[in-house]
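Take a look at the structures below.
Next come two complexes built around subunit A: one with subunit B, the other with subunit C.
Right, the complex of A and B next:
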């Protein structure tokens, strides 16, 4: 889907350094218009840093040492802070995991949404409020007139996340970065928010870079998936392809280690031994080699490039043809 | 039902919190976090307690381990009544029940070495000292898949999964009959979760400990538990054996919880979309300070009728052994 069109967003060779270690290392991907790309990985894999870099929000300790972030040809990474302020909200927006931590507790949600609109549009307060009201309706908040005048503490977590989505989308950005937007919510509310996001993509054509560690959420919302491990993309593929034919040992083991709702459990879950290496432990080779049952000397010495598997499915592994063994062992 | 092998017997436990009167003298609300529940846990059994945040599952687990006195009801651990016990008696009872929390980083004192953290309960109880203490700490570390060298490290030198192993070792140090696990894997990375779940299962096989496993993740629950208890606004709405429950959840709330879990399978996940729409719950959990009349779930229930707003359904047994509190299921 959308494979032939020019991509809306291109991240090219993004490399971010913290204290001498490349915590994001040569990350490249593209996102088409109206597409949802999931960035999946565990804590420390660099998925959040990648997304912050897209908005120029890297923490002070982190430094981008290479790479471009092209939004329809304009390099966001090369922008000054002043230019970024113009782009944020209008071209690219972000929502975070904990909505109550992102909202101002002392301001009504109506004025927070309205001020996001006025950041980019010279309109009166009344008009901005009217737009805020429309937006509340669009994100499915009942009784919008009343809610506009409430403070964040008067709303539940799910409602606050809807407010965050309203703020992020009111200026019609082309790309929405969603950093674990449903992780802090109950599953019932998560289902509502995921449905809302799918509906917004369908109606507005906004592309979403969806950051998560939850394979279930990926299966629900993503068109394409990039699996990250220790700062690099391990595998990138259309969503059905990835789940049906994982071509990287990390993906295969990750999928096998997730307990399933639809399968009567066996005695033991498949596990990945050890834990994610710290940045100072990254070696020269494949960063998954220390935990990989297929690893050979070559893996420890030489970093594998992303090999094309056809249909946009690429995997960074020297032993792609043996990955199916892992799946069979786990089954 | 009071067979001798019950490690835990809860009878009619309620936990109410009296709110303070409002600023302008409005009447005080009573938050009814737990509202009359009964539960037995057998020796070696794992019971899962599931529900949304605010349903009272954490209040109930705190009550079971004696961190929160119940307003009414009885909690028996083996032969001993927890409610009303004080001083030494309470201390002795507490030895039989331990707790594992969600975030291991918050459960360990950052200035305690791992060995000292695990040794502390043994020293407090005067169970072991000197060489025997070292020996026991070493055994516990090995039991949870760590090495004795870890005893000399601080929590920050370990990964999240290793820290949770330490917390588990400490919980098992006193050989409790029951461990209450409050979301023990939700803060862990996906690839580490499976290790910890396997460890909990293996330890249960070895020691015969029982678990009360509090979780919102039904896939994890299916993997680990023998029985499922679904809680909604302070009451149990469905209790069933694992296979019965997952084959055929009956309470509309249980069905909605199941439908809401995104499955790690794009085909299944997208095929059930049409089906799932029916069960996506509109709205959110009402406040426990203002619980709806009749069946507390009627405000969100797709099956609700008049009787649901008037009469609260009791848990009644169904043909396959499940207990369900619903007029229409």
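Right, the complex of A and C next:
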């Protein structure tokens, strides 16, 4: 996690267009080996598109118009579909929000895990099944021999997500993209899955890009956090730094709106007025300006770059020195 | 699984019983059949004798019980025209219709399903538009017209195929296409919808994320999932083909049960008609039953309901 080491994954100036609007606009971040980067933001902020772009799995309507995705120096974005197929599942994997829907309902989970292994390794079916069994044990599924022969509908959502993790990790990828993997699960299961992921990162050294809108989950699992707003990175920081000293109004308001048990609320829970602008209303300036209490004319006219705050903490705001006012108001 | 099979069998039995009853009622709705059977100018006494001989003078419920009893002994009655058992007449024609239905089903499934898959996976491309036009044509042109057009082009003008009748395998080609065309379109449309529906599901994206090509995801996962609604259509279409055979067999002078049905209706040979109606109805019920078992084989969620 040192600043000096070359990052494992570098996303550089990723820009994705849908119907003429840049719904992901110049997104850049790096992930070190064994690190968990959380990509946080509201629905429609472009975090899922960013994650699909990393595997070359953008929906047909979306088009990557700029940017590089470097995995240890190899640009995934420059690869042909054929090369990408060799990388998917082997070098970079993804797990999704709806684990039960991500499995083929008519095939046993064992053969789905085994086929993920055989996709990238020339081994016999028996051998692949043995690997699948080991993987079930690794993701903490009891009674693996029995479970291998079960169908997805016989398993709970939490179990299915463990199966998805087993599929994603069986080829030992260097990066795991997790697209809201716990959103569809109830809270206790969510905690178990997060623990499992932390444990797997620690043992395998796989880096994780963890997409979520849940600040609680961020605090639990992330090393670094990138906060996205309307397709751009608003702020990126080590997790403790971000929670302690948010340097972007959006982050500050987002943190203020998280319900807390240790404070008796004086008033209603804080909310952020308004809603995320539609891509056709983005304009030239800061995309948060229409909802920002600190916004000035400059914010509406000119897009702020990411200002370095020291220690890898960067924020795209013209009024970083006034952000603390928001925090004091909210408290 | 046993319970599933048992309940389907009971349902099928009830359906067949219903069919038998409805056929009985329909046959008697048209009034006293005796009058249809006697020669012109028969005396009242002759009519009464025949009525008594056929049992039509008994109360309706007695006739119904006798009807069920006879069917129970597989006694379908005598053809009043040919004076041989009605079942024998139908049985002699049945192989031709089965041949024709098999040919038509091959056209319908063999062309319809691949076309549906191509239309779904190549969505928005030129190939989809061409195929959509063919499917629309197949669906819109009535069988009696397409049959005559086929004869005009391939038999009369090009002289590639015989115009009609039974012969070698070439005689089967045009009737199969004429009979299968509408069914082919149904299969193509249903397959397209089923495959598109499956393609939108998360497991397709998840499969691609493991390194499978879209084609591999389609062949390994999508087709099996999409087959369930298509099986339903297949069961219904087999019954429809037998019904459609009535027209095609007439157009192509094909000696199957469709042609027999028309002839028997014209000659008022109502017991032969009754056998044909019972046969087609039972085929409907049995293919639906078969489809239920195929579902269970394909889908563990159905197979494993306790």
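By definition in this document, the second predicted complex is superposed on the first by the 331 of 331 C-alpha atoms of A that agree within 3 Å, B and C clash if a C-alpha of one lies under 4 Å from a C-alpha of the other, contacts with A are read in each partner's own complex, and residues count from 1 in each chain.
Simple rule for what comes next: a contact is a pair of C-beta atoms (placed from the backbone, for glycine too) under 8 Å apart; a residue touches a chain by one contact, two chains touch by 3 or more.
Predicted model only: the values in this text are computed from it and were never measured.
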| item | value |
| --- | --- |
| Comparison of subunit B and subunit C by subunit A residues contacted | B |
| First (subunit B), second (subunit C), both or neither touched by A:207 | neither |
| A:290 touches, of subunit B and subunit C: first, second, both or neither? | neither |
| Touched partner set for A:90, first subunit B, second subunit C, both or neither | second |
| Touching partner for A:101 - first (subunit B), second (subunit C), both, neither | second |
| Partner chain in contact with A:186 - subunit B first, subunit C second, else both or neither | first |
| First (subunit B), second (subunit C), both or neither touched by A:216 | first |
| Which superposed partner A:239 touches (first subunit B, second subunit C, both, neither) | first |
| Touching partner for A:315 - first (subunit B), second (subunit C), both, neither | neither |
| List of subunit B residues in touch with subunit A within their complex | 52-53, 159-162, 189-195, 197-198, 201, 216-220, 222-224, 243, 246, 256-270, 276, 280-281, 284-285 |
| Interfacial residue positions of subunit A with respect to subunit C in the complex | 55, 57, 81, 85-90, 93-94, 96, 98, 101-107, 115-116, 119-120, 151, 153-154, 164, 167-168 |
| Subunit B contact footprint on subunit A (complex, rising order) | 42-43, 156-159, 186-192, 194-195, 213-220, 239-240, 243, 253-255, 257-262, 264-265, 267-273, 275-276 |
| In the complex with subunit A, residue positions of subunit C that touch it | 201-203, 205-213, 220-221, 224-225, 298-301, 304 |
